[in-house]
Structures are given as C-alpha cells and as structure tokens.
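One structure coming up, written as structure tokens, with questions to follow.
Going in written order, the chains are labelled A, B and C, and every chain counts its residues from 1.
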Amino acid sequence: MNAKTMAGIRGSLILAAALLIAIVLSLMIGQIRLSAADLWTGLLTGKGPGALTLRVLRGPGVVTAIGAGAALGASGAIFQILLRNPLAAPDVMGFTSGAGLAIVCGVLAGTSLPMPLLSAAGGLAAACLVAILAIKRDGSQVPITLILVGLGIGFLTAAANSFVVTRLPPEQAAEAQRWLTGSLAARDWGHAGQVFGCGTVLAVILVIQVRALSLLELGDDLATGLGLKSNRARLQLAGTGVLLAATGVAVAGPVPFIALMAGPLGMRITGAKQPGGRILSAAVAGAIITVLADLAARSIVPGLQLPAGVMTGIFGAPYLLWLLSREMDAGDI
Amino acid sequence: MRAMAVAVLALVLAAVLTLTVGVREGGFSLVWQALSAFDPNDPAHIAIQSVRMPRLIAGLIAGAALGMAGTIMQAITRNPLADPGILGINAGAAFAVVIGSLIAGRADNGLMAALAFPGAAAAAVAVFALGGGLKGDAGPVRLTLAGVALSAMLLSFVSAIILARNEALEVFRFWVTGSLAQAGMRPLGYMAIAAVFGACLAIAIAPRIEALSLGSALARGLGTKPGRIQLGALVAVTALTGAAVGVAGPVAFLGLLVPRLARRAGGHVLRRELIASAILGAAILLFADTIGRIVIPPTEIRVGTMTALIGAPMFIWMARRLRAGASA
Amino acid sequence: MMLENDNALKAEGLTIGYGERTVIDNLSLDFPAGRMTAILGPNGCGKSTLLRALARLITPGKGKVTLGSDNIFSMDTRALARRLAILPQASKAPEGITVADLVRRGRTPWRGLFSAWSEADAAAVARALKEVGLTDMSERPIDQLSGGQRQRAWVALVLAQDTPCLLLDEPTTWLDLTHQIEVLSLIRERNRAQGVTVVTVLHDLNLAARFYDTLVLLGPNGMVAAGAPQDVLTEDNLMIGFGLSAMVVPDPITGTPMVVPR
C-alpha cells in the first residue's frame, strides 16, 4: 500500500472520528448537561435521562442535522466539480434560497404539499432561471457568470423573503425569519426520516451518475470522445445536485455556506481527488459542520436558541473571503 | 441636456405623486392648499404636513445620496456592479446601528444616525481591503463577492440579535429592509446636512476621480494623488450612505440602477453624472415608494423591497454583460 | 518665461530594484530639451522601469531625476504634471466613454477644485484632437474605434495635458505598421512644432532610428550605448544588448541605420 492511500485512509478515519465527536458533544451539551456515561446507558438500556435525550430531546435534531448537512455538502461538491470552481455552491448561486422561498410561500398559502416537494420545486426553478440567464446561446458557460447571475437570483429571493416576513404578524414573522435563516430547533423523527429517505434515493442515483462526472472532469471534448453525451450528463448531475440541496433545505431551511465549505474541507482532510471520494467526504464534512453549527447556535448564549444559520453565516463568510483572496492570488478569477 | 430635463421632470412628477397618491379626497388641490395656505385646524392638512412631507424629504435625501454614492463607487472601482448595498456598506451601517442600540439599550433616532456613519466607513474600508481595492485594480467579481460575504456575515450578526430579542425584531425588521414610512420620526435635518456635505465633497473631487478611473499610473501622471482621492471618495461615500441609512434604513440596489441612467443624462463628465444621479436617485426612490404603497392595498411594500425587485434583475443583466476580460 | 533648459530631463546615479533584484544599477543619462529620445532594449532590461522612474511613478533606491533645475521627487505633484506627462502602457478606458471625454481628462492638472472648464482647456483639447486627426470622431465611444484610432485617442489625452515634456511607454504595441508610423509621426510633429522633450520606450529598432534623435540601448547588464542612431545601432552593440547577430545597413529612404537580423 503506498503512502498516498495511507494518507487517504488516515484522513477518512479523522473525518469519521470528527463526526462521531461532534455527534456526542451535540447530544451531551444543552440546557441539561449529560455525561457520556448517561448517553451510553441510555443507548444500551433505553432508560434514564440519556434515553430521553436520545429519543426525544436531542436525538431527532442531531440526526436531522446529519442528514441535512450531508445532503447540502454533497450538493456543493457536485457543483464545485461540475463547474470547476470552489465558489460554485448551491447556496452562493441562489438555489437554496429559492427552495426556502418556495416553502415559505407554500406554507403561507396553506397548501398541503409536503415540504420536500415545495423545496425541490423552488430549488429547480431557481436553478433553471440561473441556467437560462447565464448560459450563452451557443451553450458555452462561464462559471463566474453563473455565480454572479446566481447571486442576483439570491438577491431577488431575499427581497421576496423579506417582503413576506414584513407582511406577517409578529409571532409568525419571528418564526419565518428563524426558518429562513436556517434552523434545526425542534426537529422530530419525521424530519429525520424525511431527509434520510429522500437522501438515500438521491444517493443511489448519484452513485450511478458519478462515472459521468469523472469523465466530464476531463473536459467536454474528451468526455464526448469517450462516448458520453456531455450536455445531458451535466443536466442530470445538476438536477441531482439541486434536489440534494432541496432535501437539506426542506428540513433545515436555507442554512448558508454549508454547501460552500463542506467540499473543500472534506477534500483537504481526506485528500480525495476522484469525484466519488470528494462528494463522500463533502457529505461527511457537511454533516460535521451542521451538527457543530447547531450545537454552537443553541449553547453559545445561555438560555437562547439561535438558528444554526446564524453560526454558519458568521463563520462561513470569512471562509468565502479567504477563498476569494486565495483564488485571486492564484489568478483564477 | 434633454435627458437632464427629462430627469428633472421625472423628479417633479415623483414628488407630486408622493404627496398626492392615496390622499383620500381633494387630491392635488388639497395638497396644494395644505402647502400654500396651511390650516392648523384641518386634520387633512396636518396629515399632509406631518406624514407626506417628511416622507418626501426622506425620499429626496436618501435617493439623491444613494444615487451619488453608487456613481462615485462605480467610478472609483471601475466596477459596474458597485452599490452600497451589494458591497456591504449598508450592512455595516445596519450592523453598527443594531449593535449600538443593543448595547445602549435604546433605539432612538439620534443614536441610530450617529452609529450609521462609523459603521458605513468601517465596512467600506473592510470591503476594499478584502476585495483588493487598496492594491489597485479590484476586479468587479472579486469586489462583489467580498461585499456579499461581508454583508452575509454582518447580517448574520444582525439577525442573531434581532431573533434573540423579540422587541428588537419589531423595531428592526421594518428598518432593516429600508423604508420611508414613519420618516417624520427620523433626524431629517442632520442627515440632510451630512448628505449635502458628502455631495459637495464628491462634486469637488469628481475630476480627480475621473483621472483615477484611467488607472493609477496615468492618474499620477496627471498630477493627482490616488491615495488621497480614494480617501476623499471614501469620506464622501460614507457621508452619503450614512445619511441615506439614517433616514431610510439600508436601501439596496439604488446605487446600482442610477449610475447607468445618469450616464445617459450626464455623458462621461463625472460632475454632470453626479448631479444627474442625485436627481434620478431621488426620482426613482420616490416612484418605487409610491408604487409600493398602491400596488397591493392595504399592505405597503417597503421601498427597500421595491428597489431590490427592480435592482436584482438589473444586477443579473449587468453580470451577463461583463466583458470576459473585465471579470479579472 | 520658462527657459529652454528647464525641459531637459536628467537621471543621476539611478539605482532601482524590486526586492532582491536590482533592475537598474547606477545609471546616469541626459534627455536633452526639445529632443526625441527612444529607450531600447530586450525584455526585462528595465526600459519601462527607467521610464516610470523618470515620471516619478516609482521611487528609486538611490539617485535622482531632475527636470530643468528641479528634483522631480521633491516637486509638488500637480506642478510636475503641468510640466511632464506620461502615457503608461496599455491603459484601459472606462466603458462607453467618448473620445472627447477621454481627452478632456488630460486637463486634470490644470483645473482647480471648483474651477469651471476654461477656454484654454477647450482649446488644448481641440488642438490635441486635431493633431491626432480625431476631431470628426470626438463624440464616438472609444470602444467603437479601431486599434490605431484608440491609441491616437490616448496620445491625444497626454497631448491635451500640454506639457513641455512627454513620456510614452511603448505607444505602438499591438498596432500594425501603418498605425505605428501614424502615432510616431504625430508625436514628432508635436516635438518639431513646440520643442517638446520626448522620451519613449520602443520595441522596434528601425522605427526608433527613423523617428528619434537619440537612442538609448539598455542591455541585460546595464546601459550599452547612448547617442545618435548610427552610433548606437552597431553590430557590436546589438550583440551585447540583444545577443543578436545582425547586419546594419542604411535605410534606403531615410538613410538612418536599419537592422537586418542574420
């Protein structure tokens, strides 16, 4: 076994351990502090404070956070690989806020459609708009134009969101604002089931598509020469990416910057170079970030439950700035 | 010159609409009476003097200030996407206001206004430093993304505070979008002074900014000091944006819309462009405000939402047009 | 009244480096008033660096540059800009700007903070436009002009600056031969008509010999030669400066030296 593979395995173990630690910490810390022993007893016997926490208080939220983070992280990695640009994430390009807007509007209009469906519709609509507006008539696409147009769509949905929020009565306004910031408070097993159910289906589809992604990485001409219908493959991959992001948004709201950060973070730790490995490590990294952001948001100010999106916003923005300065120095933008 | 005349006409029309639209009966003649022969016993007259007039004045200050600020920023950064909202300067002012009133435990107008200026200045310096503006040519993409990131971070803080305190949400959720409602409660006089100061400074240094927009080497060859021009522009933008945030909250996208139109009226002479931006900025803001009031009665769409709904498509259109080389 | 000698540019003991690397080492040179001097040399020999130092765009580590009797590094910025103009390489025009508006910006050093546009400003702009032959196109946007016209508009900007000393950094790069000759001709006309001191960084040796009074040849290890074209463009100097084996023959039209690489 060569050194590179060893490093990869070590990185994967580190990532897995980090996720485990994040989960345990997240289960232990809260208004009532638990010890690891309490949790262990609760897990084994199904009795005591540990069991209650696992089953009702924190368990569902943490599991939902893992699912939502993984979905968002994987989605980010897909777009980053597809557009070959670390800035190309569904949250930067307005897909997640489109999904969020659709859900808020749907709920306010009183529809009985399930959240993931609304979310998917909104995300796909935003993605289509971005594609239509940014891709030139001859089919060529400039990643930077896609990103900027996506930002514009994000501005538009943000305006619509704030309009909706100002129209609501105070109680609902606070609730909607929380949700639009991205929050994992008060999630139940229904949410967890939802995100893992949809996520699993999409993951299976992604496994089938991943080979096309590794061909597309070689450039369109070569990929076509190798027998791939590049445009169709790209469209399918983008579709899966949007739906993954929408799955995350449906249970956690449009939490900003997770999709942006997860890919590069996962890749740095595991050293994965192949699309499959990058997406997997991005999913795990996304889960870690989300679990920790939720933990920080609910414990940083005692007695106050902030939405997780506030934390990812505060820490994700400096990352974006750092990324910018690095990309600039490398002359990529 | 004809375009300038059109702009002035548009402003007059916008001002008249702001005063008259939605006045229940009497319309224009009632407004005219309230202004020319004010009767302190007539409630309709009082309403016009105490509600409509402040709204008009606030719109004039904020619109003119944001229009000019956008024009200066676009000239100095050579970035057609520059706008106080997009580059995070509004967010800086909003952040300072929200944090300051949280610490002080009060949210009166004097305090909010006094905090808006340092907040705007700090954000402007930060976004230029982060966007590479201090080193020389900052590409539009880099500066824009730096602004977006800065806004996202500052607004995350703001929403953390707002969500933590429900009473704060009530005050700020309206203010944060940008609105001309309740303008009578805002410190219009002081903000007008700040805006006029910023406008004079901008007009004074306009020829220097023109030189700088040819590139820093040529600008120095023309006998200007780039650092000093940038500082002057920064002070002007801060005064203008701070004043606008003080009277209307962080209204975004006006600074993006206006310069392009102002160029039609003012050609490529920055002083004329600045004057045209002031006129057009005020006109557009007042129009947007009036439309927001009447489009789905009885609800009022905040003017900040209106400008965003117009401005975001404009942003997309301009992003598409960015020359390949200009994206560097 | 300005004396003729006030327009002479002089470098004394210039030493300029970027970080560790010394680009120009203890260089002294005269750029006589009313003459046209071309700075030649291979890429990376410090031609542009020298020109930028002459225009005070960079500060040398050692040495000084004088314009007449004044050290340019201690002069007031605006006062210097009224006596010395520089056209940097490959300048980028603001989007959509017209020729006239671009050229007007050359009047910046002559305008006070609140002073209005004066007769003298208008006259200088009109004259500059006429000299470069763009009077009829003055209201056209720059983006719509051909490459040669665009470069002439930039030259007009520094001509409108109306200085007795004019520095240009590769004003003919990217132009085809016709336009190169056009640009150099109009610079020479200004020089002959008003006795303007001209210093230009150029790539084309033969054009330099044709249009310029004095040539300065820089090599990888400092200055190789300076003087009249026939004294500078010799086979030996070309070998030292460019590492180029070439024959020098008289130009059949002007009689100036012409370099023919072997």
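Keep this in mind: contacts are C-beta pairs under 8 Å (C-beta built on N, C-alpha and C of every residue); 3 or more make two chains touch, one makes a residue touch a chain.
Predicted, not measured: the structure shown is a model, and the values here were computed from it.
J.: Where the centre means the average of the CA atoms, what chain is farthest from chain A?
T.: C
J.: Name the most central chain, where centre means the mean of Cα atoms.
T.: Taking the mean of C-alpha atoms per chain, the most central one is B.
J.: Provide the C-alpha centroid distance between chain B and chain C, rounded to the nearest whole angstrom.
T.: A distance of 43 Å separates the two centres.
J.: From the C-alpha centre of chain A to that of chain B, how far is it in Å?
T.: Spacing between the chain centres: roughly 34 Å.
J.: Averaged over CA atoms, how far is the centre of chain A from the centre of chain C? Could you give it in whole Å?
T.: 57
J.: If I count partner chains per residue in chain C, which residues reach a count of at least 2?
T.: If we look for residues of chain C contacting two or more partner chains, we find none.
J.: In their complex, what parts of chain B are in touch with chain C?
T.: 75, 78, 80, 204-205, 207-208, 210-211, 213-215, 217-218, 220-225, 263, 267-269, 326
J.: So in the complex, which bits of chain C are touching chain B?
T.: 52, 55-57, 77-82, 84-88, 91-98, 101-102, 104-106, 108-109, 111, 113-114, 157-158, 161, 167
J.: How about chain B: which of its residues touch chain A in the complex?
T.: 81, 86, 130-132, 139, 141-142, 144-146, 148-150, 152-153, 155-157, 159-160, 162-164, 166, 169-170, 173-174, 176-177, 252-253, 299, 301-302, 304-305, 308-309, 311-313, 315-316, 319-320, 322, 324, 327-328
J.: Which part of chain A faces chain B closely enough to touch in the complex?
T.: Contact set of chain A toward chain B: 87, 133-134, 142, 144-145, 147-149, 151-153, 155-156, 158-160, 162-163, 165-167, 170, 173-174, 177-178, 181, 256-257, 301, 304, 306-307, 309-311, 313-314, 316-318, 320-321, 324-325, 328, 333.
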